[in-house]
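Note that chain A is present in both complexes that follow, paired respectively with chain B and with chain C.
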Partner chain A sequence: MDHPEIVSHIRDKFPGDRVSLDPHAYPDELRMHASPESFKGVCLELHKILSSPVMMLFALDERAKLNKFVINCVFADMKKSRWIIVSMDTPPDKACFDSLSKDIYSASLFEREIKEMFGIEPTGNPDPRRLNLHDEVWPQGNYPLRKDFVKMQDGPRGDYRFNRVEGSGVFEVPVGPVHAGIIGPGHFRFSVAGEPIINLETRFGFTHRGAEKLFEGRPYPEAVRISECISGDSAFAHSLAFINAAEKIVGVSVPAKAAYTRGILLELERMYNHVNDIGGIAIDVGFSFPAAYASIIKEAILQLNEKLTGSRYLKNVNLVGGVSIDIDETGKRALLESLGKIKRDIEELARMLEASVSFMDRVDTTGALRRKTAEDIGVVGLAARASGIPMDLRKYFPGIYKDAKFNMITQASGDVLARLRVRISESGESCRLIEEFARDLKEGEEINVVPELREGCAIGYTEGWRGPVLYWLKTDAGGSIERCKIVDPSFHNWQGLSYAVLGNIIPDFPVCNKSFDLSYSGNDL
Partner chain B sequence: MRHILKNRILKGVVTRHIEPELSNEVEAAGLELLTAIRKRFGRSLHVREVDTGSCGACESEIISANNPIYDLQRFGINFVASPRHADALLVTGPVSKNMLIALKKTYDAMPEPKFVITFGDCALDGGIFKNSYYVEGVIKDILPVALHIPGCPPNPAIMIKSLLAFLKEQ
Partner chain C sequence: MKILIILLQTAFFIGTAPILSGLITKVKNNIRMRKGPSVLQPYYNLAKLFSKGEVVSDTASWIFRATPFMVISSSLAAAMLIPILVPSGSMYHMGDFLALIFILTLGRFFLALSGLDTGSSFGGMGSSREMFISSLAEPAACLVIFSLYLQFGATNISAFGGAGRLSVASLVAGIALFLVTIAETSRIPVDNQETHLELTMTHEAMVLEYSGRSLAMLEMASYIKQMIWFFLVAQIMFPVAMPASGDIAQLAFRTLWYFARILIIAAAVALVEISLAKMRLFRVADFLGFAFVLSIVATVCAILGV
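Then we have the complex of A and B:
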């Protein structure tokens, strides 16, 4: 369905309501404004025709200037490479909107977040519990993302209620927030009858640092540094998504060399994480030699990163307008040489795993997430592809990936083995892409331009190694940030994990968890 | 099995597979560290890590310090699963309000004598997350901190060197 068609379709469906279009939107965005009465209907209709989960749903506090809150809901139109944003206004004295969550599962967590952060009521959401602001430590009535929030005011605190499975023989196993390994904090509560898990309740927010608020009032250069600290293993993807939004607003076109450099680094980030997870899956079923082997490969990639950029985690590279490092001929040679070795090592690693019957037996059919379930709960990125959902921003929003003939990798079974295979194939594809991009690096070309600051709002996006990393940014005329909404793929995919483990035994939880390898800090912000 | 054997032989001893200069540094510092740990702790130093809101890169570097290339364990440093087995608590991240209780409980669960190490700029004073509404910030105000390892994130070589310098001056 084409865009004018989508718009006329929506207008036909809601005749009494003038669904208006924003003419200033960027070519890859379509912005509609709906009335509070038809907001829900428009969203449901878009969800149906685009078969996209709610990719973002967030609020803005515009009370100071316009005396209202604004709710924005974002869907992806993969076929047309555009984002569709539906917005509505709500008055400050009775701030509310119709909840989508009973019809679209993927809206539910976003709505709870809006409620705790802004005090805006998602009318009809069946789950009123908070996500990140834990009731035990954060008093009621404090809404930190409101513009007039200054300091936490004391007040009554509450308790968190876990959903329970009841019945004879059902028992609970609580795990966390502090886990046994060197890993982020989160709470998992398993309900078990006999061996199989019948329910997994997750509670996160333990790494909530108030990141979105920290962006506000800061200029770009500072804000880019914060975006690198949202999820450390995706530092590059996050800063890339952030500057993508900023570059749209300032209207700068990035030099070709910077674009290719970014492509190379994004793929290197994907590779070190994929290799890390391949090793992690092996260690979680007790297969230690390949795990050690994988950690050597990861170290090699981290050292390559350092050689190219001065940072093992690719920080301080992205700038609004380009990149700060120049990969010259020597750098390029070092890159291609290391890459050759890394590629061979990854192939060896894959061969070792596939040759072990007992390993393959452990990962095959374990932690299966069916495609229907994944679609219903709005799983994205790598986990979605492993369940057979074709979804990769590198394919549908291609940019430099178009000439490189990007090959999207999917699997059908949605189990640990499928996620492992996607990782192995994607690592190979990343090597190929890096070689392609490196060929286009020209000695002596410029790597950044100085942007002119402007006011505006835009969506920034990139396909990080876990999936789409999305930033929605609004700035004032001086280029300082008014609102920054971040969605890491982990926010969608933790739900997927809760469903994938059902019917599995608790001892298999670590390997299921590792096969998703989601970010705590990216989820909690 | 065939693949494992082949790769085992091909890879050889990997603790020296980094740039020669860095490798020499790590080896030298590591061996000194081993002697220092032997002297002060008998055999080994057991460390429990707690993430109080880190971005994950600090964890990634601590894990890297345990990979076969740096292999911290050969210098007598062990990461343990329970605070009950630990001599030192290694804290990363800027202390989110939600982790305050868990952090204190973990510390309380450790047997005496014990000490606290902060790892990464966030753990020193909140780092880039300083002044956030949800960050407690300075761990020094919560627990007695004996050593800070600087960086964002600190790399494994810095970790080894900082530990060595610390143990030497004690």
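Then we have the complex of A and C:
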């Protein structure tokens, strides 16, 4: 549906002053304000016509100035390249909103998050448990994202109940939060009948650092550095998404060279993570030679990163208004040279894996996530594409990817092999894109502009290697941040993993997990 | 005198057992373009573990404490039955192949019990998988023994040297036993010793709760067990005729050859490990089923006399 068409459709359904349009939005945003009674109806209608999961659902504490909480719900309109934001107000003395989660599954975790962080009740949400704040640590009555929260207060403690599967021969296997190997902490509760998994419940929040709260009151340069630490393996994607929101607010247009540099670095980040995961999938099924080969390729990419930016993990590059590093002719030559070798090595790695019967037997049909399931629970990014859902911000919100003729890569089967193949093909595509972008790098062009600070709010987004990284940012006139909501694709996709492993045997869980390779810290914030 | 020699050769056997794991790791790492730890690393690990304190779970019963002793003594007893230098006579008359397998099984039985004992989630899974795998591996191993008995008229290990010539039946039996050995020594594609992923472990999951001296004993026991299995495969695949007398040159040659053929088996295991991915758990049934079929073929060959 077209822009005015959606608006008139919603207006017809919700006449009078039940829905009003915000005229100050950016071209890639459409903002509506709904009355509390019609909020749920508008969201369901948008979910239906856009077939988009709830991409973001979050609250704002505006009690100090306007004496209200605001709830925002964001949907993606892929076809028209824009975000649709529905907001509603709720009074602080009786803060609540109608829960969407019985109709839209992807809203349920967001609602639990709003409830624990702000104390706003999602009326009708069937799951009253907390999400990331653990009852063992946080007493009841603490709402850390409220503006007037200063210090944790003591109070009564609740308890956390896992879902139970009962019956003869059904056992629970608790795994984590401390795992062998150097990975993040998360708790997995398996219910198994023999080896096959009949239920998996995840519990996270062990790396909850209060990241969103940390942003508040900080100026841009500091905030960019924080955004790089949200999920270490996506440092560049996170800072880019943050910067994207900030640049919309200050109204700066980025120099072409900065845009291409960002494109190159984003693809490099994607490549080193994809190669790392290809090797990780191999090692998780005990196939150590390709894994060793992959670690060599990953190291080559990290060294290339360091050569280009001075940082192996691409930190300290993004600025509001451009980038801090200038890729000159020598840098460009080094980039293209290393890239040629890396590309050949990745192809060799892929051949090695595809030629091994014992490896293919392990990954084929393992951990299959069907498209319908993935759509219902709102899986995004790489995992969604492996299940056949065409969803890639590089295609639908193209920017510089438009001229580079980006090819979106999808697979149909949704198993470990499909996710592996998406990674392999995307690595090749990234090589091609980098070559395209590098061609457009001109010697001596400016790489950043100084922004003028302004007040406002906007959505920032980028397609990181896991999927869409989304930031919603609100700043005051001095450019310091009032509220920053972060959604890492891991937040959506952990649910996907819980469904993908069902019916698989327990020893296959690690390889299923690795094929998603989700972030703990990006989820916990 | 004989007892002294048996003790000496057993000590020699045990002393050289850990180096095999070191060698396999070294070969694998070199193929993976890595330096890897020294081949003596298993000895360093044992020394470290022996000097460390131990943590025992509050819920553990006497089985947990007794198991390391049971396992190591079963491995030691089995090692005593292995003929290396002594030409004939001695203890290995009473200890034939069949006895050896059942002595090792005693250790395994206790290991599986101790995996269940502490009630941790991984130990139980490990025990259940170990029993699943061994219930498939043992029939194949027993049938191999049967075919060897038909061929040599004895289940005595030193008899398998035969006339020093490899028959078809021995070759097939050797291959079948090699597959069983991979399962018994928890190697890829059946199990993976290098993994840190508890959910995929079999042998490692059972010993996950152990630390310090107990862990050292269990590790030592599995080195010895591995050496025994490699030796058995080597004895069948590379037969040596028994020397008539205790000639020094003969003895030196035997010792060298004894080592060389075990190294060949170890290298073969390392190559298998590096070139395959681990199988899905339930595919192990097919793998060991194949070993079983091979052992039937070996039996038929032995009956036909080829």
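Assume the second predicted complex is superposed on the first by the 522 of 525 C-alpha atoms of A that agree within 3 Å, B and C clash if a C-alpha of one lies under 4 Å from a C-alpha of the other, contacts with A are read in each partner's own complex, and residues count from 1 in each chain.
Assume contacts are C-beta pairs under 8 Å (C-beta built on N, C-alpha and C of every residue); 3 or more make two chains touch, one makes a residue touch a chain.
Note that the structure is predicted; figures quoted are calculated from it, not measured.
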Return fit or clash for chain B versus chain C, each positioned on chain A through the superposition.
-> fit
Quick one: classify A:Asp508 as touching chain B (first), chain C (second), both or neither.
-> second
Rounded in steps of 10, the angle in degrees at the Cα centre of chain A between chain B and chain C is 40
Which touches a greater number of chain A residues, chain B or chain C?
-> B
Just chain B (first), just chain C (second), both, or neither: which does A:Ala412 touch?
-> neither
Which holds for A:Gly184: it touches chain B only (first), chain C only (second), both, or neither?
-> first
Is A:Lys151 in contact with chain B, with chain C, with both, or with neither (first, second, both, neither)?
-> first
Pick one for A:Glu348: touches chain B only (first), chain C only (second), both, or neither.
-> first
So, does A:Leu336 touch the first partner chain B, the second partner chain C, both, or neither?
-> neither
Once the shared chain is lined up, is A:Ala211 touching chain B (first), chain C (second), both, or neither of them?
-> first
Using the touch definition from the top, say if A:Ala235 reaches chain B (first), chain C (second), both or neither.
-> first
Where does A:His134 make contact in the superposed view: on chain B (first), on chain C (second), on both, or on neither?
-> first
Which value, in Å, gives the least CA distance between chain B and chain C in the superposed three-chain arrangement?
-> 5
On chain A, positions contacted by chain B and by chain C | 180-181, 289, 292-293, 296
Which of the residues in chain A come into contact with chain B in the complex?
-> 132-134, 136-138, 144, 149, 151-152, 177-178, 180-185, 205-211, 213-214, 225-226, 229-233, 235, 276, 289-290, 292-293, 295-296, 298-299, 302-303, 312-313, 315, 348, 351-352, 355, 519-522, 524
Touch list for chain C against partner chain A, complex = 28, 31-34, 121, 125, 188-189, 192, 194-200, 273-283
Spell out the residues on chain A that touch chain C in their complex, using ranges where they run on.
-> 172-175, 180-181, 195, 282, 284-289, 292-293, 296, 356, 358-359, 361-362, 505-510
Using the touch definition up top, name the residues of chain B that touch chain A in the complex.
-> 1-4, 7-8, 11, 14, 17-19, 49-64, 67-69, 79, 81-82, 93-94, 96-102, 106, 122, 127-129, 131-135, 152-153, 155
